[in-house]
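Going in written order, the chains are labelled A, B, C and D, and every chain counts its residues from 1.
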Amino acid sequence: MNTFPWLLTMIAVPAVGAAVVAALPRGRDESAKRAALGVSLLVLLLAVLATVAFDAGGERFQLTTSVSWIPDFGVDFALGVDGIALVMLLLIGVLVPVVVLASWRDEPTGHRSMKTFFAWLLLLESLMVGVFAATDVFLFYVFFEAMLVPMYFLIGSFGGPRRQYAAVKFFLYSLVGGLVMLAAVIGLYVVSANELGEGTFAFDALRQVEIDPGVQKLLFLGFFVAFAIKAPLVPFHTWLPDSGAEAPIGGAVLLVGVLDKVGTFGFLRYCLPLFPDASRDLAPYVLTLAVAGILYAALLAMGQSDLKRWVSYTSIAHFGFIALGIFAFTTEAGTGAVLYMVNHGIATGLLFLVVGMLIARGGSRQIGDYGGVAAQAPLLAGAFLVACLAALALPGTNSFVSEFLVLVGSFPTRPVFTVLATVGIILAALYALLVYQRTMHGPPRGVLLEPSPETSAPTAGAGGGATATTLEAPAAAPARLRVRDLSRRELAVAAPMVALIIALGVYPQPLIDLIEPAVAATMSDVGADPAGVSPQAPVEGTD
Amino acid sequence: MDTAPADGLITSAWLLIALPLAGAAVLLLGGRRTDRWGHLLGTGTVVAAFVLGLLCTLQLDGRRLDVELFTFMATGSLDVQAGLLFDPLSAVFVLLITGVGALIHVYSIGYMAHDPRRRRFFAYLNLFVAAMLLLVLGDNFVALYVGWEGVGLASYLLIAFWHERPSAATAAKKAFIMNRVGDVGLALAIFLMFAQLGTVAYDGVFGAVGTLAGGTVTAIGLLLLLGACGKSGQFPLQAWLPDAMEGPTPVSALIHAATMVTAGVYLIARCAPIYDETPTARAVVLAVGAITLMIGAIAGCAQDDIKKVLAYSTVSQIGYMFLAVGLGPVGYVAGLAHLLTHGFFKAGLFLGAGSVMHAMNDEVDMRRFGGLASRMKVTFVTFGLGYLALIGFPFLSGFYTKDAIIEAAFDRGDGWGYLLGGVAILAAGLTAFYMTRLMLMTFFGRPRWEPGVHPHESPSVMTAPMVLLAVGSVLAGFLLVVAFPLEAWLTPVFGEPEAAEHVVAPLVVSILVTVVMALGVLTAWLFVGRREVPVTAPVRVSAVTRAARRALYADAVNESLFMRPGQWLTRALVFVDNRGVDGAVNGLAATLGGSSSRLGRTQTGFVRSYALSMLGGAVVVAGALLAVTAG
Amino acid sequence: MSLTNYLVLAAILFTIGAVGVLVRRNAIVVFMCIELMLNSVNLTLVTFARASGTIDGQIIALFVMVVAAAEVVIGLAIIMSIYRTRRSASVDDANLLKY
Amino acid sequence: MIEAPDLSLAALAPLLFVFGAACVGVLVEAFAPRESRHPVQVAVALVGTLGGLVTSLLLAGEGLVTAGGALAVDGPAVFLQATIAGLGALSLLLFAERSLDPARSAFVAAAAVPAGSPRDRELMTAPRVQTEVYPLTTFAIGGMMLFVAANDLLIMFVALEVLSLPLYLISGLARRRRLLSQEAAVKYFLLGSFASAFFLYGLALVYGATGSIRLSAIRESAAGAGGGVLLVLGLALLVVGLMFKASVAPFHAWTPDVYQGAPTPVTAFMAACTKVAAFGAILRLLYVAFGTSEWTWRPLVYGIAIVSMVVGAVLGLTQTDLKRMLAYSSIAHAGFLLTGVIGYGSGADGTGSGLGPTMFYLLAYGLTTIGAFAVLTLVRDGDGEATHLSKWAGLGRRSPLTAAVMALFLLALAGIPLTSGFTGKFAVFRAAIDDGAWPLVVVALLASAVAAFFYLRVIVLMYFSEPAVDGPTVGVPGLPTTIVLAVTVTATVVLGVVPGAVLDLAEQAARFVG
């Protein structure tokens, strides 16, 4: 079973699918949607099967495929996954079908055909799989950059009013980061050539190379900048709110849910193992950025008036937690961080999707334009609440597990940073519940309000509101909301996400078992005890 | 104290949590089609849980039994098992939660009868019961934390049950946030335990806590206390509890009087092994308890909202409990006993208040009540019994448990002991005052009802639980202190009680307390009972009263200390982010564009200027080369 | 008489030509200045040929003359065509393409 | 008694083919009847260039000095000759396109007729087309191929003129916007001959300093003497002359004007082939003649590279005319190419140096840029090509295929992975870093980020903005342009996805002799 090229297939299938969808004649949107859905579900199936074929206890990289690609550069088309990459593939497999379903009835800007949208989406999926599956640094870089193009078109062609600005900003930010990384990639190659005689890009070979600390720092920074922009860490973050706000919901979900994870994934896969000394020396600075990001972005999130910008800022805060977990150099925190990547993808994915459904109803992104929705769309409100609770990492939701692991794992080695980060969970509660209250609670108001107040018998949803308002609320507004609650399709979008949030919140161990070995290996690369911070670990309070 | 694997019926203790949880799930996922029988299911699950709990308790006979379920999260050196600990302490709480819970479920059937969202109400109630049971049954701190925030969620949902009311929505958010502040303390305590001991299980921590440095233990104790303060509405995090009364009255009765708010007391009692190691932390607990019980009592005296009065009374009563557990071994049992009796009579009082509001079209202003005694006999009687129990009328439950605490305080023997005891007695007087005031304003005097209000007794589905709780309020004290001493039952948890030599004879204390209580009642009658109660609260009042009305300015402080600066900071940061961080980038772009067009001007289109640039270039090149070779 | 003088003279001529290109407006004159530069180079070449006693220099000079002649043909053709259109041989008038 | 110099006709075959074709072209011009001229000329020119391409490919691996030492037919020479011949053929196809312009050709019928005169106006619509361009271009191609093989400075100079003079002419032969075209010609001519004067003076000084113009001889004396002032001055002036042709800042001033004014096919031809030829000469001069004293020119090239990249990238930002924008992009690319030149590596024969990567870059860039200009010829409005940016708004909606092709070329120029542009950049940057020039590479990367902005802007216009109301029409390309587009697109993708084989060729070819 392991001889089957799972990863290659997972890259090829969506790519071919994209070509097919793109080749469909104009106006055949329906079939385009079905095709896209089918392909993405197939990829999900492949991901699951690959997980089955994967042996958590086995050697680091499995399901490997490798063919020589550009011998002159010593580049191989080498694929392979460890637990970390595998769970990301699973995440992709889950998110893309959901996104396809969510974009089903979008009326995109202009008279653009949905088929282009789905074609780009599938191409993006293929490249995302590639970026996580690559075990050759050059190949990784190629996917890393190529990934920009479909996302650029998704934002630019199907985005909101300021999509041009957002798209270019997104592209340039990532490109700058990528180019700096390119310098480091080449440098790495040259160093390896000097060390091993024969230059190579193969991850495993590079891990063996002893690099002089000074050079390490330079190369580390090269990679770090690229990943810090992707992830994004404060102060490299300002592109995300614009892109997140202007991107179509589907694009936004994948952007924040998966694309940005490449940054944190890169920290873990490349920065730590390849430049252990530099990582250790620079960790305090990275942690400072991370914690600053947690608090700074949380406060900013509270100040947002635009729903999608709000979600983006919450994500920035969460990326701070992930970075903290990675650079705390303990197996617990590292595992937590990887788990966090997955959980954040699901949780924020749901948040974006629900916000999208709300915007689809109200046609406005302003928080102030909504109010009292819960009275009439209990399901919508419920889904939103679950998403918010996951955002504030309430126990029982998946995010709690990862956040707890990150914090409990970071505390022994980095107490000060961890305490500060823990304060962030108060802010998380604030920004999540503030917006939930403004949009869902209170008397009906905002764009969803019917202009002509009518006094029909309250529906079941609003009835409680009726009694309550007539009894307690001063001068209950006669005007009523008229909000469609979730349609079947929207339910099909939200339900699996909610289910995953709760399931992974109650029984995360299987994922942890997948992730831990790879994280432990990484941690031993940076000289941390892979067995985790043993009890009575000497607490270095010097950070 | 060692745990044994569970046996017999107790192996299925997980059902205690599973039943109400399943109920909640069914009601939430089932949607409209469960509307008709939803409330019955909700009540059924809790009753079933109560029965199960009772049976388990009967099987227990003083053992500590562990129920292993599954691995929650295990990575590196961290290993968190999802497991339950069923011991006398948790058994007591299980019975309280499911017992009182069941009664209140029944009551809610009637109370929420006209609310189209009754089904969801019961779902949330079930959710709460499940979370609360997890809180008290978990065998490690993470499980506790999960339940801890779980009840927080349930409380959020129930306070905001009538979320069309902005006040309700805000109160719910406030409650959640202030709880979160406490939760941070709890979380940090857990991190510290893991960092120092490598485990988060009760047995592991309590077993090894002795090996830790004193400072660390104190830190853990204080952090846990912070968590307890958040959940139990203790100083400085007490401000959310009175606002929480925005929720439907059964919620106030169950969550914000009987069970959830006492979780803090449970936490400290459960962590007795830790607090035994750290007198410092215990002293802080004492201080918190004393301060809070005064704040609550004072604020209670000036409220006109019947539920607010009860809320502040709760705050101050929990203050008593903290005071007790802060006293250490001598106090644990007393505190828990008071917790239980308080659970009974305070729940009864709230239900009574609910019944009154029900009769008065959800009016809560006591100045709008009066003379209800005749109209609502059952409510009056049950409420009255609860009232007597609360103020510690001799031989009713409050009398026993409160006295026990005050005695324990005196038994410290030192000056602090006398101070604390004095405070406790004073508060007892205040309690008597504000409760009597409440009674008088509500049930006696001339009716001051809004026009069109026709008070009527509530249906039996509501009165029955009230009666039962009233009975409880009367007998509980006697039963728990005299008949079947709680002390004996809890010995396996807290060890043999050392016979305390009393510095002040219990009898003296009792008499003292009773006298002070009588004084309180008397003053109340002098101030309220004798003269006409104005329908609108008098404006020109003493500074003390004004302070009391505003609960000693707790909210004002929070606002000016946290809210306003926070909002200001947020606004400032948004500006910085847009103009500063993002501005820098856009500025760079602008600079490039500007320099581009400026440089572009050099492309004049005149051949001769081009030639000049070439010549210049040539000269530079030549010069450079010469420099290189020369140098 | 030292050969250096010839070199210096050639250099001066070259400079004059270069400066002429910069200061004169008439396309023809500009072009003549360029021719002057080429011829100064020829002078340099023959001087060096003499100095080094090889004949390469002279040969190159011959080549240069041929090439210059070709250049003249092309150049005049281009200048003529634009002159006929614009009725002006001033290089500054040809200024549509800029920035 | 003079013995005839050795002459290997085989090694000269490519040159002979092309020059032969050029001469035949002249004869055809003289004797063939006017109506049949065009097809014949096209045929002759194509045969010549393709013949040159094939023969030079056959010569691969050759490495000898012939024609009495005047020509070095070695790896780089052959590789670049093949490149030039191929790119030249493609450009000729663009010249031969007749279905786009209503007047059936991009070139003026009678250059001698004053622009705007009645005769000119009537010729505008006449079916008569001008065919002198083909032999002229063929001569230019020949000159370029000679340029990259020149093994002594005199041949280099002659080749320089042979390739320049026809270019001066044909850049003035636009059928539309003749004023601009003529102006471009004048500017190109004056500045070009000005530059060649510098080159020539440099030649003279080097001759004076070393007593020889043979590159190998120069190398010896340079190695021995370390190069006196004369030699250094000579080097400087030679470099100036060559950098001008390669349109490297600060000798770039002519580039935007000429690129914009010249007929688009000619611009394509210049942008692709001239750059290849010029860089071929630069490489040969620096590596072969001054290889031993590279410490003299390295800092210089270092600086010039930075200037060129920055000027090209920054000035490109605010351009509103596509041809002009591509001109600045070519200036920036010249800078990138110089980073390859910096990677001098070991050994004067250029082994393990930036030579191979630079040659690959030249090939990739040439193909992409010809393709880009070919797309420009498709998008037209009332008077010829619509090269103003604003006209391209919403092109992606109006004709997706054209826009997609253009987007591909732009992404390649920006150096996005999976396009030839990325492979080339990677190769040259690797060579530079290999030689420790990583600061230069960082500058280069930042410059390419800036440059990416203006490529992106075009894509934004094409895809993300609403079509302009008076938008241009997208002509249906005839066979020649179609071929060009097909070839360039394929090459751009293939060299990006599986560049292995070509990289190998370049590496094996990277051996100078003589």
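Operating definition for what follows: contacts are C-beta pairs under 8 Å (C-beta built on N, C-alpha and C of every residue); 3 or more make two chains touch, one makes a residue touch a chain.
Chains and their UniProt names: A = NADH dehydrogenase subunit M; B = NADH dehydrogenase subunit L; C = NADH-quinone oxidoreductase subunit K; D = NADH-quinone oxidoreductase subunit N.
Keep in mind the model is a prediction, meaning the values are calculated, not measured.
The leading chain pair by number of C-beta pairs in contact is A-B. Nearest to the overall CA centre, using the mean of each chain's CA atoms, is chain A. Seen from the Cα centre of subunit D, the chain whose own Cα centre is farthest off is B. Between subunit A (NADH dehydrogenase subunit M) and subunit C, the centres computed from C-alpha atoms are 67 Å apart.
Measuring from the averaged C-alpha position of subunit C to that of subunit D gives a distance of 25 Å.
Separating the centre of subunit B (NADH dehydrogenase subunit L) from that of subunit D, both taken as means of CA atoms, is a distance of 79 Å.
Between the CA-based centres of subunit A (NADH dehydrogenase subunit M) and subunit B (NADH dehydrogenase subunit L) the separation comes to 35 Å, rounded to the whole angstrom. Residue positions of subunit B (NADH dehydrogenase subunit L) with contacts to 2 or more other chains are 600, 603, 605, 607, 611. Across the assembly, subunit D contributes residues 186-187, 190, 194, 256-257 that each touch 2 or more other chains.
In subunit C, the residues touching two or more other chains are 18, 21, 30, 91, 94-98. Touching chain pairs in this entry, ordered by label, are A-B, A-D, B-C, B-D, C-D. Residue ranges of subunit A (NADH dehydrogenase subunit M) in contact with subunit B (NADH dehydrogenase subunit L), taken from their complex: 234-235, 237-238, 296, 299-300, 302-304, 330-332, 335-336, 372, 374-375, 378, 382, 389, 394-396, 400-401, 404-405, 407-409, 411-412, 415, 418-419, 422-423, 425-426, 429-430, 433-434, 437, 440-444, 458, 460, 463-469, 471-473, 476, 507-509, 512, 515-516, 519-520, 530-537, 539. The touching residues of subunit D, when paired with subunit B (NADH dehydrogenase subunit L) in their complex, are 186-187, 190-191, 194-195, 198, 226-227, 229, 232-233, 235-237, 239-240, 244, 250-251, 253-254, 256-257, 295-297, 299-300, 303-304, 311, 314-318, 450.
Within the complex formed with subunit C, the residues of subunit B (NADH dehydrogenase subunit L) that make contact are 600-601, 603-608, 611-612, 615. Residue ranges on subunit B (NADH dehydrogenase subunit L) touching subunit A (NADH dehydrogenase subunit M), taken from their complex, read 28, 32, 35, 70-78, 114-117, 120, 142, 145-146, 148-150, 153, 156, 160-166, 168-170, 172-173, 176-177, 180-181, 183-184, 187-188, 190-192, 194-199, 361-362, 566, 569-571, 573-574, 577, 581-582, 585. Here subunit B (NADH dehydrogenase subunit L) touches subunit D in the complex through residues 592-593, 595-597, 599-600, 603, 605, 607, 609-611, 613-614, 616-618, 620-622, 624-626, 628-629, going by the rule given at the top.
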